[in-house]
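Each chain gets a letter, A, B and C, in the order it is written, and its residues are counted from 1.
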Amino acid sequence: MKLTHLLKTTVAAGALLGAQAAYADVTFGALYPFSGQLALLGEESARGLELAVDEINAAGGVQGEQVVLERGDAVDNNQAIGEARRLISREGVKAIFGTYSSSRSIAASQVAELSGIPYFELGAVADEVTGRGLKYLFRVNPTAEDMAATIIDMIVDKVGPMNDKAPEDLKIGIIYEDSSYGTSVSGHEQAMAKEAGLNVVTSQAYPASTVDLSSVVLDLKQRGVDVVLQTSYQNDSVLFLQQAHEAGFQPLAIIGGGGGYSTQPTADAVGHDIIDGVLDTDFTQYIVNKDFTPGIDDFLAAYDAKYGGEPRSGHSLTNYVGAMAILTALNEADGFEPDTIIETVSAIDIPEGTTAAGYGVKFGENNQNERARMMGLQWQDGKLVTVYPDDAAAAEMRIKN
Amino acid sequence: MTDQTVNPAPEPSPEPAAKPAKRTTAAIALAALLAAIFITPVVVDDQFVYHIFITICIFAGLSTAWNIVGGFAGQLSLGHAIFYGIGAYAGIMLTNMGISPWIGMFAGAGVAAVVAVIISYPCFRLHGPFFALSTIALLEVFRVLALHFRDFTGGATGMMIPLNIGWEWMVFRERLPALIIAFGMMCFILAVAWWIRSHRLGFQLVATRERESAARAAGVGTVKVRLIAVAISAALTAMMGTFHGMYLTFIEPESAFSLAFSIQIAMFALIGGLGSVFGPLLGAVFLVPITEFARGALGAEAIGLHGFVYGAVLVMVVIFIPNGLMGLIGRIFVPRGTGTKQADEVAAPEVARTFTPPEPGEEIVRVKNLNKHFGGLHVTNDVSFTLREGEILGLIGPNGAGKTTLFNMISGFLDADSGTVEIKGPDGKWNSPTNPADFARLGVGRTFQIVQPFAAMTVEENIMVGAFHRYPSVDDARAAARRTAEKMGLAPFLNAEASSLTIGGLKRLEVARVMAMEPRVLLLDEVMAGINQSDVRRAIDLMLSIRDEGVSIIAIEHVMQAVMSLSDHVIVLSSGEVIAEGKPKAVVEDPQVIEAYLGKEFTHA
Amino acid sequence: MDVFLQVVVNGLLLGGLFAITSVGLTLIFGIVKVVNFAHGEFLMIGMYATFLITTRLGMHPYAAVAAVVPLLFVLGMMTQKFLIEPLMSARNHDIQIFATVGLSTALINLALLLFGADIATTPAYGLRTAVEVGPVRMLVGQIVMFGVAAALVIGLHLFLQRTQAGRGIRAVAQNRAAAQLMGINVSRVYMITFGLGAACVGLAATLVAPLYPTSPGIGTYFVLTAFVVVVLGGLGSIGGAFLGAMIIGLIDSLAGFYIGSDMREVAVFGVFLLILILRPQGLFGGRQTLSHVS
């Protein structure tokens, strides 16, 4: 079905081996939403995986075998299950990489677990993905909990001091769109804020499909909120930032939880001057201290060569880093039996500051990468710049104007 | 089309010889299709193919269950995901509490049925698009509530089940057990839908859908039957939802209470053929693989291409084959009724009705001082009269006199502002009924001035709707309908579509439907209108024979010939008031009556 | 008190938004009696058209009216002619709903194909400037939208009441067969009405585009509210739609502020259900004969 695609993912360097090479291939599944609502970022995420596979194959493949990716389209939960089954039973994949969407990941990994096939999550952030105690599921990327941790750290370490306020004196307002994404991030924000002794004065959900956030803005303004934490997609990010500005609501800081806050169209829509100084947390983005993220320039070059232009979000980078960690480790293993894979991957120990995303890899409780973390970012002069933690920062955090 | 006179000797209605053959072909085709659905994935033994066929079974089951409400009852529900979600959540919640989903399935079904009745009862009064909109609004409310009460439902992030393998928990490693369950449930739902359609409930639902007022006049409790249908449909949908939830091992409000999903279920039924029992099955069998294929071919090409083609195809289908695939295939494969008993002979009447010769003097209907205003217009002004058993009472008057309004008040379709309507029951007690069902129960039947056949049914089925009032069993009702058709001269047309009759035939059908109820009082609203001279003659004979069977009649008529020959007693209504009454001859010569009809100049003509 | 005033003003301005986007629907639903689920997509098309015109040609969004309104008018007429009319004689009227659902899906995905999933922003040209009237803040664009909505409502009302064409439309709404017998070309009236309804949406789009980001799914955010407004106001009643929009806007704003943003939808749909059950003809709709007895 995806013949042209298969050809694209196997590297030309190995083509001269001819027929023999076909027998020496190992197939992995690439399960992402390639069509439907989530297609844009699903495709973006898959590109990271593909770039990793290209790089591995150019270096000789895994255990001497070229890696072949078989795509599965996880357009909805029912489909995710079907595709997972197909990849496992018909395509005979040794493991599945995926998935961008948490609910797709949860659905598909249940199938993989039942079949005893390893599942490597490279980009979904909800807690439940690794919260189920599955034996064959590993997640490399940072989670919603990590996102909240970075946000709270930013408040305590930076926002408070920079504004000459003790963190406990800051009034925090949490707003979020009501789907799984917004709910999980904001839930952690609340819990961690409490642990850090911060004062959360309100926590409100709103429908993702809203056309108006003026009552929310008014409520935050009325309460005198100093720091707003919003978790939202593009539409509601734009609405909030615009309506806050127009209502004359000027908190000390606004911190987004990824999503719409990380995308250029949002900045363009709101206006670069209005969004200037707004903070954000997300996967590693591209204006970052390159010393902390070695290999990122090579990644960008490879992306441009293969797809033309710049990455549309940080998802591709995160998937690339995760896939690289796994595949490199598998190269040292002996065979592709599920338990061998599990054993090998569990032993991965990559220090911080040595991957293109900056964070290291070591799997801990529930097979979640303990060293994964989100970056703190800020919109400066119309660009999204890494400002936290300090060793990853490409620029100083500014006070919001 | 020749009319048959009323003939006491029954003639066997000529059944087309092809009919039995058609039904067997249909049954074989259906069995073959079902077998194919089960056997194909087992033979191919591929995980993905299993998944496709399990998906077909799930959607076929959901669409068939939906069709009970959307197709049979004609209430377009776009919120059925409410019940699906209830079933899925019930199953998953109870599993997490250690209770088997098999039990959870029934718990979910029960809850769904109750919820369905509660939300449908107020909304049934809404017609067409309003009902659809209300179901959408309810679905949104459920979704938001599921998000809000996150301690109960897991909120936006949803709920999962532990992966306990086994039949008890409906979680398996292999696909065959899942297919068995899905297939089994689909067959069960199909069986329930088929049973409904071929028995009394189905007839009453279709009648309610086609012409609600005529159905009520035939004694159908239109609200009650629709609530029953909704409860059954909701329960079945919930059960399938429980299974699907276990199959996915994970549920969230977004996908459980999804408007797009509700529309999809309804769409499969539409494309397969609304209102037919096996249409939704066909729809699922065609659409699921095609959607898969299209997504595979188009999905990754460009974002939105697959969806665009899907939407465009949908529009095409709706415009060009609005009756769905079943309509295309035609009546070849539609199994109607039981299919087994093909009685050519008419069964002997179950109970011979004892007829007491008319004793004029025994009152059976008493109307006292009826008044009605429409806004400022006094349409019925202090009208009183009585009907005696075995009597034929003619009700005449110029147009706009308020005759039909009066009829509506004495059949339960309109409330009077003041005054009483009393009917003597078979037990001799006087009752004051208020709605059409009560009147029907007391044996009052009425026809409508503008004939109202149930267009989607045959002549026989139309009459059966009335017969069901007396004979709950399908076979008895069919026999009774046939007898009535004989009497009404409709026997040759039993299997014709009601809508294909001429006006004369439709009028007779109208009467036949009411007669099948075996009424004691018959209200006829202008049955003679628009039929030719010789037919009038025959109709008069018909009405007399009806009276001879012991039925008392009130007839609104303009055809003077009929009035004169038929009526024992005549009442003249003008501008809402009774201006004359008495023997036909006397009334016709009454100057007031002449003035009312023709104007003052003619009183001395 | 100041806060309360602001909440109320926000509600009224929101009402203006709902009014302008729903007036077209009351014509279509009320007169042609079609449940047009693609109503939101008409708005989306208008917004994208405005976006293209302003960004490619450098024009002020309001100037785009000259192109967007006729475009939507034609689109509406074509929808009536090619999609709805063939279905009007179908036995089951409900399938019109499915046809418009299909149209909606096709249009959303077409937009996705052409423009991608990211939001598109129409330049604001100063319409986002805030205006302070006492303790209350409003945007210039919002005030204009409110004003145009009111003017449109009055204009349409006059059109329907005073002009020959308007009377023809009302006649067809009340009794199709009789109107036909009077020599009115019903098919053409339906086309013009549908076109007019769509044109109203086009006008709305040019006013909304500078204030809200456009995306393929933006229509779906408005369509359900539009139906609520139309039913609340009464089918076919233009003034009713305006009033209904104000009521819904106020409920949304007040519920959002005083109860909680997540329950906003419940409040709006709750009101919707109450109206449907207790008074289905809405505030100003004509007396509905809910059951026919001839």
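Assume a contact is a pair of C-beta atoms (placed from the backbone, for glycine too) under 8 Å apart; a residue touches a chain by one contact, two chains touch by 3 or more.
Bear in mind the structure is a predicted one, so any value in this text is a computation, not a measurement.
Chain C has the C-alpha centroid lying closest to the overall centroid of all protein C-alpha atoms shown. Distances between chain centres, each the mean of the C-alpha atoms, put A farthest from chain C. By number of C-beta pairs in contact, chains B-C lead all other pairings. With each centre defined as the average position of its C-alpha atoms, the distance from chain A to chain B rounds to 54 Å.
Chain B and chain C have centres, each the mean of its CA atoms, that are 35 Å apart.
As a whole-number value, the distance joining the C-alpha centres of chain A and chain C reads 39 Å. In chain B, the residues touching two or more other chains are 144, 147, 303, 306-307.
Counting partner chains per residue, chain C shows two or more touched chains at residues 116-117, 262, 265.
Shown for chain A are the residues that touch two or more other chains, namely 39-40, 178, 205, 207. Residues 29, 35, 83, 86-87, 90-95, 97-99, 101-114, 116-117, 216, 224, 227-228, 231, 262-263, 265-266, 269-270, 272-273, 276-277, 280, 290-294 of chain C are the ones that touch chain B when the two sit in their complex.
Chain B meets chain C in the complex at residues 74, 76, 78, 122-123, 125-130, 132-134, 136-138, 140-141, 144-145, 147-148, 212-213, 263, 266-267, 270, 274, 302-308, 310-315, 317-319, 322-323, 404, 408, 413-414, 448-450, 452, 455-456.
Of all the residues in chain A, the ones that touch chain C in their complex are 39-40, 175, 178, 204-207, 209-216, 218-219, 222, 234-235, 238-239, 242, 246-248, 263, 265-266, 268-269.
The residues of chain A lying in touch with chain B in their complex are 1-2, 34-36, 39-40, 43, 71, 73, 75-79, 81-83, 85-86, 88-90, 102-103, 106-107, 110, 113-115, 126-128, 132, 178-180, 182-184, 205, 207.
Those residues of chain B whose C-beta lies close enough to touch chain A in the complex are 46-48, 50-52, 55, 144, 147, 150, 155-158, 160, 163, 165, 171-173, 175, 244, 247-250, 252, 254-255, 295-296, 299-300, 303, 306-307.
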